[in-house]
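The same subunit A turns up in both complexes below, where it pairs with subunit B and then with subunit C.
For the complex of A and B:
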């Protein structure tokens, strides 16, 4: 049990090597790796739920020299979500890429991306976080460029530059911290950091790097083209997981490591940018002509909601109300991960079956794929935040926090964003009703459609109805 | 978990599970779909019957499920919820039979019946909701489940109607959500308790409580079609006839009215709401809606549109009864929940029959239709007379109690004129229809005769449902004093609410 964290990094890494060395068996290797890693994530979640946070020193070397892995409630939940999303997307990808050379290029990068995601979530010190962040960015860029078209390569190049700029800013902040405090271990830093001329610029540098990577408005400009022109399984993982990894780091730094340094004004600034993201992203999603662009702008908006929690968390006194709000934040992030991945997979199916993803021309075509349409509808329920999705519970906490602390403006933003989301989702679903005959069987292409359907159902039903343990696992405010 | 905790869950599941299975049935599997639909409906009826007996004998049926710390999904059966559950269960059974006949050979039947079952599950869920949080969940689910039904025909008109429906109801749902969250922050989990729970809060909360009441009532008023929030209802009549029946009589409009009753009686408590001065505003809104809906109905030539405006008017009787302080007014409002449902579903079934059999969509095309379709027209006439308030049909009983209640509460000055005006207007828009149908000579040909006259005037599955519901409307009026009649049950509710 205690060494599960290392398996979460070692398994996908071994899978990546196997896929690289044995291109013919790459798909099989990836699926087997996916299953094993998911089991490991489940075991880890069970361990953290029963025994509390885990620490693991690689090779027995203590911190300072060796590498520390740590897993607590939040990171474990994200690890499990990552595993489930990547597994489902892998199953879909096994039918998406039809040519052998495509698969040979895709699988090693894919598993490398997973390795770096897991390593990032398990890292316990700033330097390892920097390394994994860099690795994550590079593998994500390589995957995004696999579309091969000019637009995809252009978008990927911009993605690369933005990612490098973000990492550099982050590294500069890390350097300041090391110069000032002589340690990079997160737990130690959380104890010793003090407001002052080192902590403030360091936080500003690291945060701006991360905000760039998590595409917070107005730093989101690179995201829509990159996510909209990547292959569908890649878009799913980029939108659902990669941006969220950067968000996870912001959350860790602001609520955990730098908790003594944060001022209400800075938290309000994050909230304000989040509000901008919610409104601007939803509005652009409503105006988008292509489904993938709609989904990408929706990601910008959904990340905005997560930032609305910062001013609330800072205003709430430590205690049950703050824990509830923190749980709502985690729930919203998890729901969005599943829903957005399901949405992108469903869009991929439509794109491959119909040859396009122009929203205006979806009439009838969507009807040939009732299960896919249903997956979009379920994902849509979660994105709008309607019950019984997990996002409903998350937004409930957001609204309750806003009422509780008297910060009504966040409530207005949340409601406006939700209504805009309903508008862009139902704009798509309106096209699903028409006169074309229904195919005889609801699920038409099982291996393609089930992953999308299950991911969306996870977001819209499972997390909402059986998500109470999420609150039990978190310990952010302690 | 024992039987008492399982029963509310089973009542919801008896339509939910068949609905989910139906989604995955092949389109051509007609027999399996019908079997699942009817088995679910009959099973639900049996379960609800046992629930009625239990609640009458003060048995507690309750299931709880924690969704998040402090947020529980609670299904709880009390007298009021049982009234609504029974209404929707009985009418669901009838409507299912009607829909099977109505949609014979139409496309997309698996999708239709799947969402149809979800819609009823959501309605039953919100009827059984034991706190405001649960109510909001099912209220939103109801919106989601009905959207595909309104858009079902897929014409641009249907999709447009569905979009308008969605815009109104989601907007209203948001207001309801804000009000509920606010109340939750102020007062904690707001369980529905007979007599209300907010009366004990300190007086400096009162201004906030008034704001919350406004949010809740406006949010609920969208579905209850209170003027000026009624705009979606006439648009949504593009839906197929069974869906209109569902919207107007069983589920959506009723959910809004039921919610208003719940908020006033079981959250605020009717005495506390009166003390805050909230009932007068509600009563005035209801009165305006009653008169406005009737006046608008006068000018509609499209039969379904006329019926839609009639719904706008009639449903507000429930809100009016809620606004009248005192047990007799309460009885009048609550019993109208059932009476309006039975009568209005009859009217929509018969309107559907005219359209499906003879292609008649307008009042002006109905000349002499009583000779071609006597049973359907008889059902229509009974329901229409009931709407006007002619004894002994059910509608008379509601109006009688509303009038008495208003006198008792000293509100007769403005309630009586509203009731009288509404009856006159109802007569003005229904009697000419009856005159045309029975006494005018038919034209040379019907607009489009789809179903020729054979043994019956139309398909048996279309004919029997309205005949049965018309008989029910008559029976609930004639035997209003019998045990377990809607009136007796409403009296029981009033007794428990006022602690008599």
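For the complex of A and C:
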């Protein structure tokens, strides 16, 4: 049990090497790796739930010189979500890429992306985080460029340059921290960091790098083209997981490591940018002409909600109310991960079966692809935040926190954003259910449609109805 | 000498600032890639200054390890950026 963390990194890495060396067996290797890694994530969750946070020293080297892997409640939840989303997207990708050379290029990068996501979520020191951020960025960019069209390459190049800018800013902050405190270990830093001339600029540098990577408004400009022009399974993982990895780091830094350093003004600034993201992202999603662009702008908006929690968490005193709000934040992040992945996979099916993803021309889709349309509707329920989705619980905590702390303006933003989300989802469904006198034959393709359906159902039903353990798990911290 | 350390650190900060400016303002892809590399050089210089402990004393190995890893990452990222930029150029030439 104690060495499960290393399996979460080693298994996908071994799978990536196998897929690289044996291109003919790449798909099979990836699916087997996916199943094994998902089991490992489940075992880890069980271990953390029963024994508390896990620590693993790679090669027996202690922290300082060696690399320490850590798993607590929050990281384990995200690891399990990552595993489920990547596994579902892998099953979809095994039908999406039909040519052998496409598969040979896709699978090694895909499994490397998973490796770096898991390593990032398990990292316990700042430098390891920098390295995994770079690995994540490089594999994500290479995957995003696989679309092959000029727009995809252009978007991938911009994604890469923005990512590099972000990581260099982050590394500069890491350097400052080491100069000031002589350690990079997150738990040690959380004890010794004090407000002052080292911590403030370091936090500013690291946060601006991470906010660039997590595409917080107005630094989101690179996200819509990159996510909208990538192949469908890649878009799903980029939107659901990769931006969230950077968000996870912001959360770790602001709430754990730099907790003594944060001022209410800085938390309000994050909240304000989040509010901008909610309104601007939802508005752009409403105006989008293509489904993929709609989904990408919706990601910008959904990330905004997560940042609205920062001023509330800072204003709430430590206690049950704060724990409830923190659980709401995690719930919203998890729901968005599943829902957005399901949405992107469903859009991929529409794109392949209908040959386009123009919203205006979707009429008759509900007759042609009933299961896929249902998956989009379920994902929509979760994105709007209707009950019984997990997002409903998350947004409820957001509203409760806003009322409790007397910061009613966040309440207005949340309501406006949810109305806009309902508008852009119903706009899609309105077209999809539009009647066409001679529609194409109804098609259901189990292997293509199941992953999207299961992911959307996870977001819209499972998390909302059986999500209570999330709050309990979050209390397990290092 | 302490001033040596400060000199290196300040030079690192100046390079970092110049790199950020270039990466944000230049329109040409090649210039932006170079600017990001200059930024990287600034950060590495800053880390080298951090490692300095004084004359006659061995430098702190941890920042050196960070710089080495950082250089490896920067080289691979630059290679990927150049490869993408080249593919873009080829497609542009083809019309």
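The rule we apply is simple: the second predicted complex is superposed on the first by the 463 of 478 C-alpha atoms of A that agree within 3 Å, B and C clash if a C-alpha of one lies under 4 Å from a C-alpha of the other, contacts with A are read in each partner's own complex, and residues count from 1 in each chain.
Just so we're on the same page, a residue touches a chain if its C-beta (ideal position, glycine included) is under 8 Å from a C-beta of that chain, and two chains touch if they have at least 3 such contacts.
The shown structure was predicted, so the numbers you read here are calculated from the model rather than taken from an experiment.
Once the two complexes are laid over each other on the shared chain, residue contacts for A:142 go to subunit C alone; subunit B is not touched. Residue by residue along subunit A, subunit B and subunit C are tallied for touches, and B comes out ahead. Once chain A of one complex is fitted onto chain A of the other, the partner contacts of A:154 are limited to subunit C, with no touch recorded for subunit B.
When both complexes are overlaid on chain A, the residue A:430 reaches subunit B alone and has no touch with subunit C.
When the shared chain is aligned, subunit C comes close enough to touch A:127, but subunit B does not. In the superposition on chain A, no contact is made by A:318 with either subunit B or subunit C.
Once chain A of one complex is fitted onto chain A of the other, the partner contacts of A:171 are limited to subunit C, with no touch recorded for subunit B. By the touch criterion defined above, A:179 reaches subunit C but does not reach subunit B. Touch criterion met: A:411 reaches subunit B, while subunit C stays clear of it. Here subunit B touches subunit A in the complex through residues 23-28, 65-71, 107-108, 110-111, 136-137, 140-141, 144, 147-148, 151-155, 158-159, 162-163, 166, 170-171, 174, 177-178, 181-182, 184-185, going by the rule given at the top.
Residue ranges on subunit A touching subunit C, taken from their complex, read 127, 130-131, 134, 137-138, 141-142, 145, 150, 153-154, 156-157, 160-161, 164-165, 167-169, 171-172, 174-176, 178-179, 184.
Across the complex, subunit A meets subunit B through its residues 320, 323-324, 327-328, 331, 370, 374, 381, 386-388, 392-393, 396-397, 399-400, 403-404, 411, 415, 418-419, 422, 426, 430, 433-435, 437-443, 464-465, 467-468, 470-471. The touching residues of subunit C, when paired with subunit A in their complex, are 16, 19-20, 23-24, 29, 32-33, 36, 39-40, 42-43, 46-47, 50, 62-63, 66, 69-70, 73, 76-77, 80-81, 84-85, 87-88, 91-92.
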